[in-house]
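Sharing a structure, written as structure tokens. Questions coming.
Letters A, B, C, D, E, F and G name the chains as they come in the text, with residue numbers starting at 1 for each one.
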Amino acid sequence: MAVPPPKLLERALQQPVVLLLKDGRTIAGRLLGFDEHMNLALDGAEETAGGTTRRFGKMVVRGSNVIAIHAPAPGGKGA
Amino acid sequence: MAVPPPKLLERALQQPVVLLLKDGRTIAGRLLGFDEHMNLALDGAEETAGGTTRRFGKMVVRGSNVIAIHAPAPGGKGA
Amino acid sequence: MAVPPPKLLERALQQPVVLLLKDGRTIAGRLLGFDEHMNLALDGAEETAGGTTRRFGKMVVRGSNVIAIHAPAPGGKGA
Amino acid sequence: MAVPPPKLLERALQQPVVLLLKDGRTIAGRLLGFDEHMNLALDGAEETAGGTTRRFGKMVVRGSNVIAIHAPAPGGKGA
Amino acid sequence: MAVPPPKLLERALQQPVVLLLKDGRTIAGRLLGFDEHMNLALDGAEETAGGTTRRFGKMVVRGSNVIAIHAPAPGGKGA
Amino acid sequence: MAVPPPKLLERALQQPVVLLLKDGRTIAGRLLGFDEHMNLALDGAEETAGGTTRRFGKMVVRGSNVIAIHAPAPGGKGA
Amino acid sequence: MAVPPPKLLERALQQPVVLLLKDGRTIAGRLLGFDEHMNLALDGAEETAGGTTRRFGKMVVRGSNVIAIHAPAPGGKGA
């Protein structure tokens, strides 16, 4: 049974997520909501860009800038 | 209960917001309104780009240039 | 009460406006009209790019090139 | 009374116009027609790019490449 | 009476046309057909890029890459 | 009988796939679902970029960043 | 009688085709299907980029990356 992207995002509501943006920024926060353009509403948003982190609180991110959305799982690194 | 992006923007009406634009500009102002393309109407708009600030008063910003919208909260900085 | 972007543009009809374009140009003129794509019709259009000004008279600017539209208010500059 | 962009283009039908394109080209010609995407049909089209002019006769220009359309008025230059 | 872009393309059916593409390529061929996105079907397609010509026969070109379409008229060159 | 792109993706549900992204990243994972914009939902997502691999678990990739989707077949390399 | 682009692609079903992509890649394969966005489904896909060829088997290519689609005819080269 398929899990289309909106369904996967729905399951992530109120959960922490990480957004990878086209310009290299990463934005982490709790997912408050989203729409069909993949615009996203976050709470406790933290942007990381070039090794610097800024805290923004509530934030709307326009979907057209987003590459991918994932859970902030303790992912391993390797070559 | 989900808070989709338009709902979060609605709550920000008449409040100060900060827009992060694709070309690196930041525009701050009071949110007068928005539409489904995330075009935004601001009052008391101030643009910051390359360390310089310009005041524009009323301003319409086309949504396609916007990366994110957040409240001008006293966010901390860190590595 | 919200003032969505088209409403703010409507109020600017027949008034002088300044357009900030994506490629760095600025176009000033009197706003004759606009449409839902934020295409704009101007009279007395003057383009400023790289310190040079050119006068064009009537002009249609395609909305997809526009970053923002504001009134030519005497805005201050600062660091 | 507002003059939306299509109305201004309609008035320019059969008149000489100049197109500013995103890649810096300028295309001049007589406006034969246009559509809602701002695709344009020209007669006697002349392209100017990097100081060189080429004559093309009839030409269709895709609207997505257009920044602005204006009359070839004798505009002044200044700093 | 206006000649909108699709009408001008219709008149060019079965005729030789030249396409100017965004990346600087030129593609010449006989116009077999087109659609509302300005996708184009050509026969006897020849691509010219960087002084090199390649022959492709039948070809579909996606409209989003097209700047302009014109007849291969013997256009003059000048400064 | 034609196999349109959505049909081919449907056959790949629950199978491992590899996504080639516009910025050079490769993302591999099990395909959970997709939609008409080619947004994709993956499980066990692994990103490879510049020789480094990161594991993300569940991930939504926005279709506008995708160049191509293929099976992780043992493809040969050659000049 | 016009042959619009979808009709030309229909005739190419089950035939070998070559895709020219915006980033310079070439992808060759047998055309399994396509849709109205010019998304393409291929079998026996082979990518060529920078003189290197990789075999992928079945592949979906997103139409927004495609410049042109042609038959792998033995085209001549010349200046």
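Going forward, a residue touches a chain if its C-beta (ideal position, glycine included) is under 8 Å from a C-beta of that chain, and two chains touch if they have at least 3 such contacts.
If you're wondering where the values come from, they're calculated on a predicted model, not measured in any experiment.
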With a step meaning a move to a chain it touches, how many steps does the shortest path from subunit C to subunit D take?
1
Distance between subunit B and subunit D based on Cα centroids, please, to the nearest Å.
34
Centroid distance [mean C-alpha coordinates] between subunit G and subunit C, Å:
42
Need the CA-centroid distance for the pair subunit A / subunit F, whole Å please.
19
Taking each residue of subunit E in turn, which ones touch at least two of the other chains?
64
Follow the ring of contacts from subunit D, passing to subunit E on the first step, and record the chains in turn.
D, E, G, F, A, B, C
Okay, in this complex, where on subunit C does subunit D touch?
10, 13, 21, 23, 25, 27, 32-35, 39-41, 45, 51-62, 64-65
If we count contacts the way the header does, which residues on subunit F are in touch with subunit G in the complex?
2-9, 12, 22, 38, 63-64, 66-71, 73, 75-79
